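What follows is a pair of complexes built around chain A, which joins chain B in one and chain C in the other.
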Partner chain A sequence: MGSDTLKNQAANVVVWLLLLAMPYWLPHVGGYVELGSRVVVLALAAMALNFLLGYTGVLSFGHAAYFGLGAYGAGMTIRYLVPSTGAGLIVGTLVGAVAGAIIGPMIIRLRGVYFAMVTIAFAQVFYFIAFRWNNVTGGDDGLTGWTRQPLHLGFATIDIQQNPVAFYFLVLAVFAIAVGVMAFLLRSPFGRTLIAIRENERRARFLGIPVDQHIWISWTISCAVVSVAGALYALLNNFVDPRALYWTQSGDFVIMAVLGGMRSFWGPLIGAAIFVTLQDYLSSQTENWMSFVGLFFVLVVLFFPRGILGMIRRKVAS
Partner chain B sequence: MSLLKVENLSKHFGSLIAVDDVSMTVEPGELRAVIGPNGAGKTTFFNMISGFLTQTSGKIIFDNEDISTLLPARRVWRGIARTFQITEVFPELSVRENLRIAVETASGLRLSPWLSRERDGEIRTRIDELLGMGGLAAKANRLVGEMSHGDQRATEIMMALALKPRLLLLDEPTAGMGDQETYDITQLIRRLHRDERLTIVLIEHDMRVVFHLADRILVLAEGKMLAEGTPQEIASNEAVQAAYLGKAAA
Partner chain C sequence: MTQVVLFNIFNGLIVGAFYALMALGLSLIMNLSGVINFAHGGFLAIGGYLAFSLIPYVGFWGGLILAPILTAVLGLIVERVLVRRLYGRDPLYSLLLTFGLAFMFEDGTRFIWGAQSLPYQVPGWLLSPLSSDYFFLTGYRLFMVLIVALAVGGLFFILTYTRLGMRIRAGTLDLETVSVLGVNVRVLRNMNFGLGIYLAGLAGVLAVGQLGLQPTIGSSLIMPSFVAIIVGGLGSLPGTLLGGLLIGVASGVTTVYFPSATEAVMYVMMAAVLLVRPRGLLGEEGRF
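Showing the complex of A and B:
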């Protein structure tokens, strides 16, 4: 047990060092800073999904809804309300979190495939609203005419608008806070009740855990964090379109989590890194890049059912 | 005053009547066994008391409160804990982690996002106590899913005890166990009853266990109450003998 926690701590240090140094090493291996930001943003979304999937045992196939709400919330705030990056982030997060909290009670009694289907259905509702409501959301063309704003900290101004490295570090700082909160919760008594529900819902119920209430809280936290990621995604692109809400986007998050390993805290980060890199490289080579990602996914699921990180952890343990 | 009072409980599944008008009163400190041939409705009866199933008609009174319509978790909060015929544990966690979840929930910490050092110490002490009582101290760090059936069952019983129940429901605690394991579990139940004065209702197939442990026995057959009484009364009851031996003889 002692060497396990030591290994985990070593893994944490390696992950954070790689993330902190990413703008400096990524260009040397053929990447670019925006690609790094994209990995971190989508990793945050996949890790938020995994809070629910890997640690509560509940599969949402509609997390794009809250990702997209975060994105539109941030974009529309900056476009229509206040030209402030901070305000965009906060409003985007709140919109997604509140929508999740309200939709939650309608779906938390469902399990398995029924839960997944209903989450897709709700996500499609938001997709069509964004798609049709042209004069507010920009419809199919997306929400344009705004950009992320420099950060005014009182004593200094950080130009995240023109400087991709500065923006990367804003993304990483927000990522660190959100991931830190999730990690902290998972080590708490509340986090252990979620793992209990994943392991055996019936036993959890008969230990006196009101399972539906706990799933609702976990769902709402997960939706809140995925909308943080959505807000960052809008800021990264200076643009939002309805595809951020589309069900295939939800599928991408599930693929990232499963690819990397949903029983590992950092698994979805690895999954997101692989997914985004493959997408970036393959989509410049072929229009059918998704079939290659799909093939890769199938191979991983067949040969490493616990994901890439699950496989690595098994190797290290043996 | 009785702790548990079940009044005219029935459960219908479509046209099948699984439990038909069964009543039972359990006194504090009593160890009550529920026996009967397969398909007698014992587990269904249990499931209604613990809230796993909702009764078709009848009432369940626990400590003078009607709990007939309460959700399972709320019945646990009132002091009813149970185990299952097929052991229900958290297989991918260690024994210690299994117990920790139970102890923390019982301490009202289920929604707590953190744990003070002091509180953590109290919880560890309680976990060690339970590990000792269940004979699991040497196996505390093993994954429950990888342990023997008997040890899994002991873990499940200890998790139920972690809740400090006033009524413990055990559904076939020795099912599928070898002689040694059966003996160990029987001794454990006996200690809980004698030393802790815990009120226990158990379903059991093994008659040695039943006659060794029970203060009173309720016999069900085909969903109905067949007899109720002390082990001696039940052993000499002709209707009970007919129910158990009749089919074998025919």
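Showing the complex of A and C:
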């Protein structure tokens, strides 16, 4: 146990060092800073999903909805209300979290495939709203006519608009806060209870744990964090379109979590790094990148069902 | 006005029939094997494209008969090679697998047949309106309704009276017991998957005559099919049928009064059903 926690801490240090230094080493291995920001943003979304999938044992296939709500919340706040990056982030997060909290009670009693199917279907509602409500959301063309604003901290102004490295560090700071909150929650009695529900729901119920209520809270937290990621995603692109809400986006989050390893805290980060890089590469190389991404899904399911970290852990254990 | 409303109800009924046909196949596969087949829309598109390519050689009727069968054969192969490996594992994996397949099918059809909408020939005598007052009652539309009714009737006949159908129904309730009684469950699941895909292929052949033929036709029809299953009740095939027709008619009627909510209305219905009756209209208590 002692060496285990030591190993975990060493892994944490390595992960944070790599993330902190990313703008400096990524260009040397053929990447660019925006790609790094993309990885961190989508990793946050995948980790948020994994809070539910890996630690509560509930499969949501509709997280793109809250991701997209966060994105539209941020974009529309800056476009129509106040030209402030901070306000956009906060409103985006609130919109996604509130939507999740409202939809939660309708779905928490469902389990397994049924839960997955209902979350997919609900996600589609928001897609159609974004798609159809042309004069506000920009419809299929997306929400344009706004950009992220310089960050005013009182004592200094940070130009995140022109300087991609500065924006990367904003993304990383928000990522650190959100990930820290999730890690803290998972270590708390609440988080342990979620794991107990994952392992044996019936037993948890017999122990007197209000299972539905716990799943609702876990779902809402997960939606809130994924909408943080969505808000960051909008800021990253200075643009939002309905594809951020489409069901294929939900599938991307799930494959990131599975590819990296659902049972590991950092798994989805690794999955996101691989998936985003691969997608970036494929879409620049071939028109048929969709086939390759689909094939990638199939291969991951057939050959890496435990994910990369899960396999490493198994090798080390045996 | 009445004519417009009637037109849209009828239109909704036809669209609902597609949803139902697709949702019935999805439901069959989900009930027996616990797999949400995301690639169902992809199979539908393949059915449509196969018919398009076959019709010049074998005629309209030949295409109508052959294309769904070929699609079903493809389904049997996919089940045998890929989906079968994932039974008994977390449903997450089969979901991701079929999700990947859906991508490949959509892109594959685009690669083979092109991204443009293709012209689709329906025999001329089927296209002429049957009555000048009710201009929307073309022969093709009535014909579609007839074929869907035949297919659904055939499905329920198979499920009720044939040995295969009885085994499928029994397996849906308790697969282990069916296996112990000496039924080859692997073959049963394979046949069941093929049957579901056959319905998708048939829906594809019919749908392209009505909605046009493009690679995204599958992904645009799959979500309403999910909604049909949820509204009708998971585990109940009559419920799925009812759900499909209901949401079709509901969006048809909404088109008249509030066109921008055409798609949204079915999701509102779904939310209402989940709030009032979480198991769905005809769903069994405690199954999920």
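By our rule, the second predicted complex is superposed on the first by the 314 of 318 C-alpha atoms of A that agree within 3 Å, B and C clash if a C-alpha of one lies under 4 Å from a C-alpha of the other, contacts with A are read in each partner's own complex, and residues count from 1 in each chain.
Here, a contact is a pair of C-beta atoms (placed from the backbone, for glycine too) under 8 Å apart; a residue touches a chain by one contact, two chains touch by 3 or more.
Just so it is clear, the structure is predicted and the values come from calculations on it, not from any experiment.
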Which chain makes contact with more of the residues of chain A, chain B or else chain C?
-> C
Check whether A:Arg306 is in contact with chain B, with chain C, with both or with neither, and answer first, second, both or neither.
-> neither
Just chain B (first), just chain C (second), both, or neither: which does A:Val254 touch?
-> second
Considering only touches as defined above, state whether A:Arg79 meets chain B (first), chain C (second), both or neither.
-> neither
Report for A:Val298: first if it touches chain B alone, second if chain C alone, otherwise both or neither.
-> second
Return first, second, both or neither, reflecting whether A:His63 touches chain B, chain C, both chains, or no partner chain.
-> neither
Considering only the touch criterion stated at the top, classify A:Ala196 as touching first (chain B), second (chain C), both, or neither.
-> first
Counting only touches as set out at the top, which of chain B and chain C does A:Arg148 meet: first, second, both, neither?
-> neither
Along chain A, where are the residues that touch chain B in the complex?
-> 1, 184-185, 188-190, 192-193, 195-196, 199-200, 202-211, 214, 217
Residues of chain A defined as touching chain C within the complex | 53, 59, 61, 106-107, 109-114, 116-118, 120-122, 124-125, 128-129, 132-133, 247-248, 251, 254-255, 258, 288, 290-291, 293-298, 300-302, 305
Footprint of chain A on chain B - complex, ascending = 50, 52, 71-74, 76-77, 81-82, 84, 88-93, 97, 100-102, 104-106, 109-115, 141, 156, 159, 163
Name, in rising order, each residue of chain C that touches chain A in their complex.
-> 30, 34-36, 82, 85-86, 89-93, 95-97, 99-104, 106-108, 111, 223, 226-227, 229-230, 234, 260-261, 263-264, 267-268, 270-271, 274-275, 278, 288
